[in-house]
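The next block holds one structure in the form of structure tokens; read it before the comments.
Letters A, B, C, D, E and F mark the chains as written, and numbering starts fresh at 1 in each.
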Amino acid sequence: MKLSARNILRGTVVAVTRGATTAHVRLELPGGAIVTASITNEAVDELGLAAGQAASAVIKSSDVMIAVD
Amino acid sequence: MKLSARNILRGTVVAVTRGATTAHVRLELPGGAIVTASITNEAVDELGLAAGQAASAVIKSSDVMIAVD
Amino acid sequence: MKLSARNILRGTVVAVTRGATTAHVRLELPGGAIVTASITNEAVDELGLAAGQAASAVIKSSDVMIAVD
Amino acid sequence: MKLSARNILRGTVVAVTRGATTAHVRLELPGGAIVTASITNEAVDELGLAAGQAASAVIKSSDVMIAVD
Amino acid sequence: MKLSARNILRGTVVAVTRGATTAHVRLELPGGAIVTASITNEAVDELGLAAGQAASAVIKSSDVMIAVD
Amino acid sequence: MKLSARNILRGTVVAVTRGATTAHVRLELPGGAIVTASITNEAVDELGLAAGQAASAVIKSSDVMIAVD
């Protein structure tokens, strides 16, 4: 599958926290930055997400803002 | 200013492409990954964005999906 | 690649309209509904999108609202 | 009320799952596809959403990605 | 039509700027704040948006971040 | 920090409701309108959000739809 999303950042899952319906998944990128994703518990189950696993953060470019100091 | 957004990824602007109303800004992260943001031309002007500049990509965690191979 | 996104709707591309930086892609679903996506021109090129092609609309569940009459 | 959102997909609610603050609503489209929406519990109450009810999924075109196999 | 979106802010259109495919619509709220929406040119035409018109900004709560100084 | 987001609406926090992972924060704008944000519990803690506090709703213009009656 090829995606139109411009941002597919490879990393490693470092934490999965489940809520009642929504889970938070933390991914560490090669440069050390941490990316947090809020996804459904259902998706966590279906993808079998767990710490230590290789995974990518997928982000549509229209969802990225820019900040400068 | 402190933001609720969980993802603030520091990097360097490598390209700014303006359209009629919408611009694409490409940021290189320390690990070498490229992040693309679609923002307004107006924001590009206001932030004075140009290649070589330090900037951050700001992404709400509910806008991050996870993919596994 | 497996995605956390809960909505992957298969259909057929019926139109691609390019703007200066942003393109609109129209997809017809099996039930006849039309889905419009605003994506980058770059993604249109990379995926080689054109009318008649099979493709899917991918939508994160946190981006779906519900309306009732 | 008329909306700028390009995607208003009519269907039938097939499931409503409440979490602590966020609910998942599943809608079946005429072609048989299922659309999942993550919305607030508050919205579920206000709209009186329940299985069997006619409802629409409303999606802004900038939140739709395209995938090809 | 009733919407699950928690944020429906009534105001007055003060400017409409069309791009090649994407338009920017500026709305003034009763308290004087300005809200900018990036929507398709097609939606601008369909809703007949023009300065002076009453309109609402509709925003899903999962798309709202919070900032503090 | 300066942000590309076109919408930074100043207001006062009127309610914070925590869920298992996701919190709802309600902000009152000067004109009396209420804005609801769904953010992570983690962000609520980090920003120390509580009723009575000054805060802003930050919204990317591509996440704003327009409705007319």
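Miscellaneous remarks
As a working rule, contacts are C-beta pairs under 8 Å (C-beta built on N, C-alpha and C of every residue); 3 or more make two chains touch, one makes a residue touch a chain.
Note that this is a predicted model, so its numbers are computed, not measured.
Considering the contact criterion stated above, the chains in touch with chain A and with chain F alike are B, D. Across A-B and B-C, it is A-B that has more C-beta pairs touching.
By residue number, over half of the touching pairs seen at A-F are also found at B-E, the match among B-F, B-E or C-D.
A straight line joining the Cα centres of chain C and chain E is 23 Å long. For the pair chain E and chain F, the distance between mean C-alpha positions equals 16 Å. Centre to centre, using the average C-alpha position, chain D and chain E are separated by 21 Å. In chain D, the residues that touch at least two other chains are 1-6, 19-22, 24, 36-40, 42-43, 47, 58, 60-63, 65-69.
Inter-chain contacts occur between A-B, A-C, A-D, A-F, B-C, B-E, B-F, C-D, C-E, D-E, D-F, E-F.
Residues of chain A touching chain B in their complex: 5-10, 24-25, 27, 29-33, 35-39, 43, 47-49, 53-69. Interface residues of chain F, counted against chain B in their complex, comprise 1-6, 37-40, 42-44, 46-47, 58, 60-62. Looking at the complex, you find that chain E touches chain B at residues 17-24, 36, 38, 62-63, 65-69. Every residue of chain E that touches chain C in the complex is listed here, in rising order: 1-5, 19-22, 40, 42, 60, 62.
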